[in-house]
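What follows is a set of structures for review.
In the two complexes below, subunit A is the common chain; its partner is subunit B in one and subunit C in the other.
Our next item is the complex of A and B:
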């Protein structure tokens, strides 16, 4: 349905006018998801759709392809994409349009690839469906796209299956799938949200490279303003399905006009919440928690008495009373395993843990009632841990009676007050609450046991930036009020900096650095810590180019391989400053003047030097 | 190579487990048949028999020996390929059972050929058009059919089509089959009755499996690539649901084994199930035992096959 000659062509490649999307749950009433949204995207331009969960940004992105998820529909307005009137096309024409003229890159590529088919079949599928080229040519084009996006072994990676690749690799394969037909428009739906910051850089760079080479028009859906700064020319800010503000990326990020954009920007800007409690690790205090040389693994025990495959290798972690200890590392580094071992749901094979001077049994069943009570876990996903059929009040009441405390309404009111929730919420059920409220209830449930140490496993990872910032604020208030110790696991360096006193950096199951948070700002640091720091996206538009320019490409290609046996440094394959000795012997632990413990063969002087700006290639 | 070795080991483990089950089943079959009330001597000689005659017959048939001794004799026979002879006809039970088994397999096979495609198509269609009028109609219909016991379906079918309408013979005689017409006449009612039992169950389970797959992100991705519904089902969904679907089919077919007992009896079809029913009535224990063993072995065969298919379909991905 190309616009016929004589009819005036729309001035831009994508034009959305007064779009209205609605959805209904079951047989409930139809409610609006998106209301009166209009925007245009010029040819070769990249437009960012910015918003938090529930803002309707993904629904809009899908509507551009003429698609609405089950229960949703395009209820009004007009969408023109590359001369097609998307809202007026019958199904057969939509099929010919999707995948050929407009392509979609999903947030979770791991789930968006069919697990039963080899990747190459799926990458070239759009080309075969739309008969844009024969199979052999499609494969050649796919391989050249793989090369362009710096995928390892581009010639053979297509014969593998989705579960065999890492998240960053599979996201790039999804981009190749989208580009195989050379579409005019490509939609990026939060393509790096599920990735680690270190991986995100590679994927963002791959996207920028293909955009430069292929020259498509793009729509980039995200909640991350720093990513917007790298990728987009213009941006539309959405809240609850309504456009708040529209402008160039530069204007939105530097001079936001709308109060919501300003709030988003504030939540994205790192700030220190913690007045660092001066940690006096004199060795005299009994630590609240003392993890000593912990080894967790699987696959049976080898001849040396250690597991055949290790997840955690000799990790030590002393936590002082009242201290907030941060644990950071990318996915797969063992940080959740460490939390689970401390919580008593993941037995260890070597080493040990003491809690307030008393040894902890590996299994929670063998721990004393007092230990179980004083050591509480707050899980990442409140949706999965709160019983949806139990009211908030009953959830808390159960913890109180379980521990033999008086379960009065006053006490429950006090707990809700502690997490800044109105007392009236006691009668509500988890499905009626927002994500932030659920996470607060989740915290209150842990606090109801009157713990001495709370384990927080990525408690802000599933939340929107503004809500996550409020949870971090709450954590700090509780820390001051209650004087309990926290173990805070995260992959978010901003969050870590803002709440922690000391930080342990994990890589491939090894503690590579253990440092007071104040020392994070200045060198020396472990090369991996530095890489983490450099990977956190910044709001300035040239950040990505700078980081990529600084990187040693050869090292980035090397896969992150946990060394299961103790010969050599665990980080050697990705380290830009490695030396021969790093391959063969375990690095010593060095102490910096700031009190950071760094496991590295380089001396403190060398580590300080190699962090100096301009000395990274 | 090691992958293949591991795969073969896993398959052997599954087969080994079902052989162990078969041993336990064999033991159970013997002792359960041993506690059946009454014996063949009473049944053969009738009520007028003198106690002496009954005792003599019992002795000649080894029925006066303790049950454990009889078990040893029986197992010893089995190990030598001797399944015993019928107490009544004195013919080897293996030969009797196997000729009937072929008839039953024919009936089950025709039923499967008819029921499996119908169920898969119905289930898939309901999944695609879920919560529409079509889906609800299929759902209601299959629920009704599943709820009615097969003897009632069979009896009603005979009453309507044979007694009232005189369209079909009430007996499914296998010896009369000379043409497609006579085949249809003999088989249509037994096959339809059996199909009623399994189509409902199979289509409902297929629907659940399909809905699960259709709700996945990779199906949405295929839609956004511009794939047609047929392409999505055949190319994307089917390879992912082979294992669960095969399980559904195997489970339903094994349910056929139960249904066949009733249907063969109602239609006097000369299959193994009616042989078993007759031999129970006559207390012809060796015949009962071999029929029971065949049923159990068939059930084990189907479930083992489903396990192996599930293993292979998951292995295919991991092996690459």
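Our next item is the complex of A and C:
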């Protein structure tokens, strides 16, 4: 222990006693954010702080570093970290303490790096700032950390700039920055929340490896229980700044005592919400929306009449009336572009879209009033979709009057009721609403137009699990009540399974698989679909080790192929079952017995076999 | 508009700068009425008299009451500049929003025109306007508003661009709303804060420009008077340390610096 005046050696490395944090908005009264929170973390232990947004988990994590966000303050209680009394330290000591004894890894690593400096300078900065080691040694240590975290070309990656790396790589570099001084405590604040499931695996594995080697004590802030299962030894469940339950990860996940923890678990567990599974897969129905061989790109058109760089390549997607069509793929696969093209805000170059038998104009301005009305878009970011200067009631009223419907208070009340919001909310303004409430109002605005098809662009991505689950439930209720067809874009396979009738899998702008949702459960599948499935975190603790064991490292390292590469399969560079033919010719579309359309050179038999258990190892 | 949104609008007006602007406007309107003497009247035989009970701010180079002249001068400076600012910002904000919404050719034409205007030093273009059309209140107001419109245009265009990129404007466009509705109801209410700060800045700029012009003798012509011409005509009093020259100069400083500080403090306050 360090020679700190007047400090008794605490029983554990981190000890928080009766912590109270308060905050105020503007000149308003102080309101408690965190109340009477106590927990201990033993040396080399990883503690998870679990909770929804607003539960105070990040505030607590920041308080461990002696920091309170603007307008907030540590109002009471004691925090001891590695022998320091954090609440009693003067600013100069706190500065020395941060970065050297305790390090913080933030959610959005991209924003934490200066885009104008090479990465190595930024990674070793804490070491130089705290004079823990000379520059040369710091660089050596950084490179060994890069190696440990399986970053590509660890020796030279430091000379690159932040924008040259992917989100998952940047997140690992951020971890290296935090670990460069060899801190005793590391705080992880939702480090993988913004990442795709496929990338998340690599980052989680990197964190685990580095923890095994470095042996630091950790605090892991997250709302994802499956991630907790992989990373933490013990967990504290928080709600509204109050501890609900504390215990070992195993106990919390398998036998939760508190009702809130049980609700959290229920929301994390996948379940089928879509009860009406009378998918009329006869092929006779007239699709409500028919996307045919759609090509979207940029950079001018080449000699073959196609754009030089394509975002979407010949994507077809028939959506039947009243069905839920899911689109899944990792970020950059073109799923949002597809939605934007259908919505009329992203022009396309080849192919076409028809809506209820009528062709849709590429530009929204050229579409008829009925088309605009019956095809509604619900956008992803709940903070941007509502006009902050317009009350909820006025927002809904405008849609009704615009479409020539009666805009009475009764009608607005009815709309709010439809999305399960209290009528009193009509007088409120969007900044006063929670994320889930905003997304419901967003839905209500789309429903106010009485649509036939609603396009949902990752509407649950920014929401907590519990809130997201409620939104999905709501979607399905509305589907039953109003017979609306949904086009649901997501990168969350759980959500997709639970609400969709059919699913299109996009990879690098190609539709690699198109399948009824029931067929998702059983092989055969496209290799990419399988990879997606395997990447969804599960709540058993050994899941991560299993997945990593199964993975073909060479394939993971390969960059995603640009889709404009002409001939060959778009997935060839990452495919574990690729053959010579995949490099040179476009794969045929094969139909599996359970109705899935798979674009692959392998036969249905081969695809079924390569999915069989045991084959991977 | 509902009651809720009205009270909200009211609450959104920043306290300190709002009160300060109100104070100066009030002073501009009722100030001349409070003046103890007529502005042109020679009331004392002593020129550049010091502060006394009879003449609170002494007398000027002709023996006129400085307080009276100061009240009148403040009135014309504030009102002229307020009018010019109002014109400049109304034009700038609306053109800026239209450019942001329409983009393309409209945006390019407007922006290049504004760039052209902004590239000429403000004092120079004001002098040219006065030389061409003579110095009168309408010419001064119009010249000042034209000079400061591009600045307001650029600020509003950038603000409107960031608002127009948000999804609720997209939702309105997808609904088929007309440009007028989008500009007035969706974009404008979401940029009032920064626009108000910008209006304050333009006002300060125009006070400076008008004072400069008057100091050079090409601004307001006698018998009308403003803070710049007051400073100029009593310049000789500097040798005697007369309040006649210090008072108007100080008033310009208090008016501009005070407003600037108030607006700055407002910007730092969250919410």
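The definition used in the following text is that the second predicted complex is superposed on the first by the 602 of 617 C-alpha atoms of A that agree within 3 Å, B and C clash if a C-alpha of one lies under 4 Å from a C-alpha of the other, contacts with A are read in each partner's own complex, and residues count from 1 in each chain.
Here is the rule we go by: a contact is a pair of C-beta atoms (placed from the backbone, for glycine too) under 8 Å apart; a residue touches a chain by one contact, two chains touch by 3 or more.
Quick caveat, the model's predicted, so the values are computed rather than measured.
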Review point. After lining up the shared chain so the two structures overlap, which partner does A:125 touch, if you call subunit B first and subunit C second: first, second, both or neither?
Key: first
Check your understanding: Touching A:114 in the superposition: subunit B (first), subunit C (second), both, neither?
Key -> first
Practice item. Kindly classify A:299 by the partners it touches after superposition: subunit B alone (first), subunit C alone (second), both, or neither? Key: neither
Exercise for review: Would you check which partner chain A:155 touches, where first means subunit B only, second means subunit C only, and both and neither mean what they say?
Suggested key: neither
Practice item. Please work out whether A:215 is in contact with subunit B alone, subunit C alone, both, or neither, and reply first, second, both or neither. Key: neither
Exercise for review: For A:95, decide between first (touching subunit B), second (touching subunit C), both and neither.
Suggested key: first
Point to revise | Overlap of subunit C and subunit B interfaces on subunit A (superposed complexes) | key: 70
Review point. Which of the residues in subunit B end up touching subunit A in this complex?
Key: 215-218, 220-228, 231, 235-236, 239-240, 313, 316-318, 320
**Study point:** Residues of subunit A defined as touching subunit B within the complex
**Key:** 62, 65, 67, 69-70, 94-100, 103-104, 106, 108, 111-118, 125-126, 129-130, 159-161, 163-164, 177
Study note, to complete from the structure: Within their complex, subunit A touches subunit C through residues 25-26, 70-71, 343-345, 364-365, 369, 372, 377, 379, 381, 384-391, 393-394, 398-399, 402, 427, 429, 445, 449
Revision key, fill the gap. Seen from subunit C, its contact residues with subunit A in the complex are 1-2, 4-5, 8, 166-168, 170-171, 173-177, 185-186, 189-190, 269-271
